[in-house]
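Pasting the structures here.
Note that subunit A is present in both complexes that follow, paired respectively with subunit B and with subunit C.
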Partner chain A sequence: MSKQIKKKICLIGSFGVGKTSLVSKYVKGIFSEKYLSTVGVMISQKAIQLPDCEVLLMVWDLAGEDDFQGLRLSFIKGASGVLFVADGTRSETLQLTQQHIDRLGEFYSDIPTLLLLNKADLKDRWEITDAHLNDVESRVEVFHTSAKTGENVEDAFSRITEMMISPEERAMEAFL
Partner chain B sequence: MSATDLKQPAAALPRRLPDARSTTTFVSTPVESISLPQAAPPDGGRKVGKASDRQLGHALKPAIEQVVLDTLRENPKVVIDIVYPVLGRVIRKSITSALQALVASIESQAADVFSFKRLKWRWQALTSDRSYAEIVLANSVICSVDEVLLIHRETGLLLVHASRDPEHARDADLVSSMLTAIEDFARDSFDLDADDSLSSFSMAGQTVLIRTSPMMLIAAAVAGNPTSKVNDMLDEVMEQLHSDYHDDLGNFSGDVEPFISILPVLEACLTTETGQTQHEQTN
Partner chain C sequence: MASDLAHQFSDRSLSSEADPLAAVLASLDYIVLERGGDGAFHLRGTAPQWFASVYGSDIKSAIAGSPFLSCFVNEIALPFWQAAPAAPVRSGIWTEVDEQGEQHFEAIAMNSANSPPLLVIQSLGLRYEEIQMLTQRANENALEHRQLGREVQKKDVLLKCIVHDLNNPLGAVLLNLEVLAMSNDEEVQGAALLALEAARRQRSLIKSISEVFSSDLSRLGRDRECAEEVSELVRGAAYVVNMHLNQALRRSVSILLEDGLTGSVSGNRKVSGELEPFVRAVENLVLNALRYAPRDSTVTVRIAAQEKGIQVQVEDNGPGVEPNLISGLFDPFIQGTTNQGAMGLGLYFCRMTVEQWGGAIRYDQAPGGGARFVFTLPWVVTDAHNSDGS
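After this line comes the complex of A and B, so read on.
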């Protein structure tokens, strides 16, 4: 049995972009969603088996805030990765996400990040075009996801997990 | 006599002190008992001033006490208004604690009313000069540490978990993260410093005691009223682990293997406190 490594990741995005739906699609057995509106975070866990080790992801789904100041930075501390989520049908959510990425970089510059453009099942209604994405794709890897169909959800979480496990940790696993 | 007078060099004091004695009729301690140096040392004035302050306070004490007592007799409502909010909280807390202990005790007694343990206690009562009620009270459970979690403070990730009930192990990772979030939430909400932390919270006879260091957090779920022994035990464990695992905690990046050796320490914390154990401690 391979060794287990635990990692904390955060989901950040505006109201209604589908963060909680993505988490619900990805994991089972989460804490009640009522904590999202009370404490401001919903936490769930998911074990991922990588070739060298098992990674237990603790997923902190932060309450949607349009303003970065509204985010509790204390909830982000200690995170090994951040998933930004925007709604493909609302271009303003991408603009807000870009602001979030910039501000997060000021505090945590070396954390692996991904951008999930959600609601890929409604692509015919997307406001976000390739032109919108040119700038952001140069700074962060982008996944088109659908919490409804599950499209790319598993892949996105697997990708951020791979990015979080350092080469040293992998080497140590292989050695052990 | 002013404070400035009292702090004058000792050489000047003998002239003034007799005057003070003569004009202050309620002085109960003779001023002659003050030992004054013959030659003033560099700080002699300060020493004499302190001694005189004490004498003055001692002299004024009976009069001040009398004034306070007279005020209380004439208008007790003033004092009641001041003390009531404090007393109310203390009394409520005391009653709640007593009721929690009583409920825990009754539950424990009801659970094993016909057990071998009860028969043994009855036998002890028959063969000793202690009553059955006394023996039951001595053996009643005051509190029981049911679960202990060691959590990495920055990430909220669970490092080690010990529990009487293996079923609890399934949710321990989630509970750890949520506890950390609640602790952060409380600190942010009340604008507290990073060093401040939630120390405990209680619900329905269950108390979660929390101990924090800059790098870790210990949470212990306790049924009943946590005794001072349990609190002291957690403090000691926290100090020991902080010292022994300082480097591992600082380098933590998700691998919990270096902390597995802590498990026996946490398991040793799963203690039960009874009236008997408390009695033994006091003796």
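After this line comes the complex of A and C, so read on.
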């Protein structure tokens, strides 16, 4: 029987980009149209079975800050992965994400990261274009997600989980 | 469960009687943990009921079992306790989710010279709902503000396109009329001059509409941060009065500036505002007053200090505003029945300008029956001048 590996994953982004909705969709399969602001930190868990091991994801949903200085880096310590979240309908949320990526890179350059461009169900209202993404796509893998329809939500979390588990950990679990 | 917890730590903790402060804190849903020299936490006083129901009865495993709390203790509190005494460090709010639903907490690490390191944890209960509601409202307002800003931007672009399309052919019309106005044929010259005047007036109207609806609206929010010294505003008001002396004289009207500011407050004291738009606002009111002031009357501009800011009045002895127009007086395109060449944008501009600075404008009937327009601008509070005007 394989041992469970615990992994901490943080979601970072401006308020209202849909971080909590993405977590809710992924962990509980629920989406609510009602916007409910997160205060502080909300931690959810989800166990996922990989071919060679079971992973318990501790998902840290950090309240959206519109000031990148407000990001408490100490809460990211111990994280195995970070999901940056931006709202495709608000271009400034991508600018803030780029600042977050820079800042995080100064302290935790080796943590796997993904960028989720959320609200893919509202693509006709997107302000973020391919031109905006030229720079960012060279630095981080990008998923277009929709917490509402579920588009790419499972895939994005699966991808970051895959990135977080090192070959050594997999080998160790397989050996056990 | 709470009594079990209190019992377990009774030998190592201070009793409620010995530590009344800890008892008070427990009654307020705080748990106070003291960090011993061995690095272990000991309960001080009694533990509130929520602690055992959320975290169980063992403090060490409670901290280790809460991902947030262990992160706060290890990453933030420990380095803080190991450093010199300093102001408490707060964890910020976190939410624990269990079978009973969501519960919300905040931890505070304390490090004073006179006591051992303390970790205080509070269950927020209903206070969380208040904080959440305020955060929610602030975020929703910010999103709405952004949306409105986007709408204004779109209108601004549309307006600029319209102004551009109106101005372009007008330029050609003006040029040709100016040529025609030099004609030796008096009839042609007369007609051309009339047309020229109308075309110039049209250009002026387009400019006014562009200024009122474009540049000033797009500055919404930014202008609240403008500050101008009162001596500058007095200078601006005097400039307006002097500018229009001749125009007034031609109509046998006097213009008077009553300066109640100079000498009553320091000249470098600041109010919310900016000189150039202030001058334009005062000028709009003065021109409006001159338009309606009867011969041999006086238009008075008063500027005075008040508790919360400065007040500017522009008063005439004309017929006053028709009662049916008063309620919408500061709306765009409102014109009196006599019209007298106004476009109905001057007072709207004044309102937009003054309100952008956090001020207010109103219409009063002057004691003698004329019109009196009054606007106020708030003091800018600085270190040197507090809000009570001292």
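Criterion: the second predicted complex is superposed on the first by the 164 of 176 C-alpha atoms of A that agree within 3 Å, B and C clash if a C-alpha of one lies under 4 Å from a C-alpha of the other, contacts with A are read in each partner's own complex, and residues count from 1 in each chain.
Here, a contact is a pair of C-beta atoms (placed from the backbone, for glycine too) under 8 Å apart; a residue touches a chain by one contact, two chains touch by 3 or more.
Quick caveat, the model's predicted, so the values are computed rather than measured.
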item: Combined model on subunit A where subunit B meets subunit C, clash or fit; value: clash
item: Partner chain(s) touched by A:R72 [first = subunit B, second = subunit C, both, neither]; value: both
item: Touching partner for A:V23 - first (subunit B), second (subunit C), both, neither; value: neither
item: Which of subunit B and subunit C A:S166 touches, first, second, both or neither; value: first
item: Contacts of A:R90 with subunit B and subunit C, given as first, second, both or neither; value: second
item: Which superposed partner A:L11 touches (first subunit B, second subunit C, both, neither); value: neither
item: Which superposed partner A:V136 touches (first subunit B, second subunit C, both, neither); value: neither
item: First, second, both or neither for A:M58, with subunit B first and subunit C second; value: both
item: Touched partner set for A:G40, first subunit B, second subunit C, both or neither; value: both
item: Touched partner set for A:K3, first subunit B, second subunit C, both or neither; value: first
item: Identified clashing stretch of subunit B versus subunit C [5-13, 113-121, 203-211 or 239-247]; value: 203-211
item: Doubly contacted residues of subunit A, that is, touched by subunit B and again by subunit C; value: 8, 35, 39-41, 43-44, 58, 60, 72, 74-75, 77-78
item: Subunit A residues within the subunit B interface of the complex; value: 3-8, 31, 35, 39-41, 43-45, 55-56, 58, 60, 72, 74-75, 77-80, 166, 169
item: Touching residues on subunit A, where the partner in the complex is subunit C; value: 8, 15-16, 35-37, 39-44, 58, 60, 63-64, 66, 72, 74-75, 77-78, 90
item: Of subunit C, residues touching subunit A in the complex; value: 67-68, 71, 75-76, 92-97, 102, 104, 106, 128, 131-132, 135-136, 139-140, 142-143, 146
item: Subunit A-facing residues of subunit B, complex; value: 152, 154-158, 173-174, 177-178, 181-182, 184-185, 187-188, 253-257
